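Input: structures, listed below.
Same chain, two partners: chain A is paired with chain B first, then with chain C.
Up next is the complex of A and B:
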């Protein structure tokens, strides 16, 4: 059995059209994997920067995983929301990143997108906010007719991730 | 006077072990015989003050159960003239009582019917949190100023005099706790996870973690990317559905002309190196991308082709920025067709884009007009797994040298050939036995 430590942070968000952003995240992995310790999901605070475009979260992640196979390598799935002045939260993007497969420190950029509605939906969205959301965002990874889903590019969420491998070499894995 | 502040202690031990000693001393205004008193309080220990003593001694004042209890206790006590006393949880008004809290006030009766609060302690039995105001006295004692006929100043100290665990017991306890924690971690790790999936002998597993990140500078603002992996001989993929696929359709609205996909894919390939002959070079698989644009009338047009040879020979994380080209349609009809109907997959075989499509001595692309378009960003993580590396790891576990994949795999050519001979022998033997049976 091999172990993987994922230590790092959700560093910041940039290029989003508005500020006051927060992010929900969770770690997804296959059947081979098991969480030994650490929090598998979380939510950052709401942030708006006054002087620059970046929204800094610096939200810590510290996860210890054990696995009996490489398949189902862990991914982080995030949802970015915008909190408006009325206290309503609007979906601003879905995103996935794969935990890097080499040991060491990595700066990983997560490109986020959100569903792009019909003309009518966009008209309503312009005045009222909100907009279409996915019922099962996980299907994006597993499904195959993804091109039928229209999305629009939103922003980039940056992660700093340190990965520590343990006992992988013992099972003939080169990383 | 020093600012007093609330402190919070967390203690898994029993609160009944807590003992607090108060030492009060009159420093100014005491005359020849200054007041000095020391009192040790256990948790929720009731010590009566002067006023309470007189009050509860009179039977007429005692109505409730608690008051009667206090009356009985005071009657038993001998006459004493103490300054320090306590209010315990039972003395609290019903309103102030919290569900999980127990509270205790340590007080001083400094004459003139002035009961002064020296220290308040609150304990949450669920969270095991002890809250104190003020904290135990560090170096400077606390002062009390009493304004009256004559100005009086008192100093007092709050000390923790709980019986400490002997140092060897503490060490032992820590050791046991460490062992329990270690054991729990081990249990978690061990639970059905002793084994690890290892590919069969003479097979190399290559795990590709492909991420299609973004596409930029394409003509049309709504695009998706489809990919296809071409496997050369000796390679195979258990889940062949993962060998081709596409991203969601993404559009950009900002001026940067970048479409975001951020799609992670996991592809597991297997290479059979039993068949490899000495001196033969491993043929890596290639991946082909096609960027397709979709307009508002759902017309699809091919916007770009790109390919790379997958970096299967060395594990790591690879970032690529691939420049795309598209094949221009032939003549005016082709262009009109592209404009009005759309052209999608307008090539015979996408393998054309790479060198492996050429089967002659030279790669000849004469007469094909192409146009450079945008770029796509790809990240590929590669992990390799093989039993060969297992032996490699065992043989020099201290300093693992980085060897090239072929070197690692080729070390076992002799072993492989012996294994082949043994396997062939087994087959022959079985056939012989079967043949004999029929005779």
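Up next is the complex of A and C:
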């Protein structure tokens, strides 16, 4: 089986309306793939910055996958939350990225969005926070029911990803 | 084996040598700074040469543009069978005896010279008592700063970023290509 290592970090978030952000990530892949070692999901610490806009998590990701085919190339979906001073977390963005399909170091940016509520919901959100959320976060990576959503743009999450291939050329995979 | 020299038992070597050049943060003259580093790596990784942790000299700030110049050498050689658990460096920065922040970074994945910026961040107190105590100069520290690299339980901590460390690292491999690994290029 060909092996794929995804090692890198969720480096920072920028252009979000508030600080004190944390990010949950989750790796999804097709049936041919198998997780050999490493964590498939995780959550960063909460970070803020006094002097700049960026929230620098520098959160490590280290995944080792084995595959029998190239269908179902792995994706990572993320959920960004804001932790307020009362210890409540508010959804600040959904997004997904594809693991790059060439070996080497990559900077991947994830443009995030969140559901856009009705006028009443937005009024409540402005004063109290909260807001509509997806019931099944797996929907972030499926394009099926997106036409039923209305969304607004949130910030950008930047990843530094290193992709390491093993035995791909031995199995005739061209990249 | 197509002319390439292989290591005997499916292992490869990773040689890292370089330095922590300086820390970019708010410094005032008359303060003293030092920093510690520690490497964290997976179970397959073994150090075959060099130091796995170290403490720098004490830097006295006289006048130097918000930089703590360390010029602190790092040299380590790792042996492994598998890129999983790739070594990470965890840096702790101290001002006097008080913590100023932690930084974490992966070692470079491609051979060659790499100039790296590592963001430094400081933990915030998690209890009300700690929040009151910060007014009197208390600064919470992590019992094991390596938890930033292993990510065990770090969803419970809150941090605020407080600077940047600059590192210059040279990386070299031995026997990695003969194990059919393709590391690609750095962008």
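By our rule, the second predicted complex is superposed on the first by the 171 of 175 C-alpha atoms of A that agree within 3 Å, B and C clash if a C-alpha of one lies under 4 Å from a C-alpha of the other, contacts with A are read in each partner's own complex, and residues count from 1 in each chain.
The criterion applied here is as follows: contacts are C-beta pairs under 8 Å (C-beta built on N, C-alpha and C of every residue); 3 or more make two chains touch, one makes a residue touch a chain.
Here the structure is a predicted model, which means the values were calculated and not measured.
Trainee: Please tell me, clash or fit, for chain B and chain C sharing chain A in the overlay.
Mentor: Here chain B and chain C can both sit on chain A without a clash.
Trainee: On the A-aligned overlay, A:121 touches which partner chain: chain B = first, chain C = second, or both, or neither?
Mentor: It touches nothing on chain B or chain C.
Trainee: Thinking of the overlay built on chain A, is A:147 touched by chain B (first), by chain C (second), by both, or by neither?
Mentor: Only chain B; A:147 stays clear of chain C.
Trainee: Pick one for A:98: touches chain B only (first), chain C only (second), both, or neither.
Mentor: first
Trainee: Between chain B (first) and chain C (second), which does A:171 come into contact with in this model arrangement: first, second, both, or neither?
Mentor: First partner only, chain B.
Trainee: Scan A:40 for contacts with chain B and chain C and give back first, second, both or neither.
Mentor: neither
Trainee: With both complexes superposed on chain A, which partner does A:26 reach: first (chain B), second (chain C), both or neither?
Mentor: The answer is neither, since A:26 touches no partner chain.
Trainee: What is the contact status of A:83 with respect to chain B (first) and chain C (second): first, second, both, or neither?
Mentor: Second partner only, chain C.
Trainee: Tell me the angle subtended at the Cα centre of chain A by the Cα centres of chain B and chain C, rounded to the nearest 10 °.
Mentor: Taking the centre of chain A as apex, the angle works out to 50 degrees.
Trainee: Considering only the touch criterion stated at the top, classify A:162 as touching first (chain B), second (chain C), both, or neither.
Mentor: Only chain C is touched by A:162; chain B is not.
Trainee: Considering only C-alpha atoms, give the closest distance between chain B and chain C in the superposition, rounded to the nearest Å.
Mentor: Least C-alpha distance: 6 Å.
Trainee: List the residues of chain A that touch chain B in one complex and chain C in the other.
Mentor: Touching chain B and chain C on chain A: residues 36-37, 102, 106, 169-170.
Trainee: Can you check the complex and tell me which residues of chain A touch chain B?
Mentor: 1-3, 15, 17, 32, 34, 36-37, 66-73, 75, 95-98, 100-102, 106, 109-113, 116, 140-141, 144, 146-154, 156, 169-175
Trainee: Report the residues of chain A in contact with chain C in the complex, numbered from low to high.
Mentor: 5, 7-9, 12, 20, 22, 36-39, 42-50, 52, 54-56, 58-60, 62, 64, 83, 102-107, 162-170
Trainee: Which residues of chain B touch chain A once you look at their complex with the stated criterion?
Mentor: Interface residues on chain B, with respect to chain A: 185, 188-191, 193-199, 205, 207, 209, 211, 213-214, 222, 224, 226, 241, 245-254, 256, 258-266, 268, 292, 294, 315-317, 381-390, 393, 400.
Trainee: Considering the complex alone, what residue numbers of chain C touch chain A?
Mentor: Touching chain A: residues 42, 82-86, 88, 103-106, 109-110, 118-119, 121, 148-149, 151, 154-162, 179-187 of chain C.
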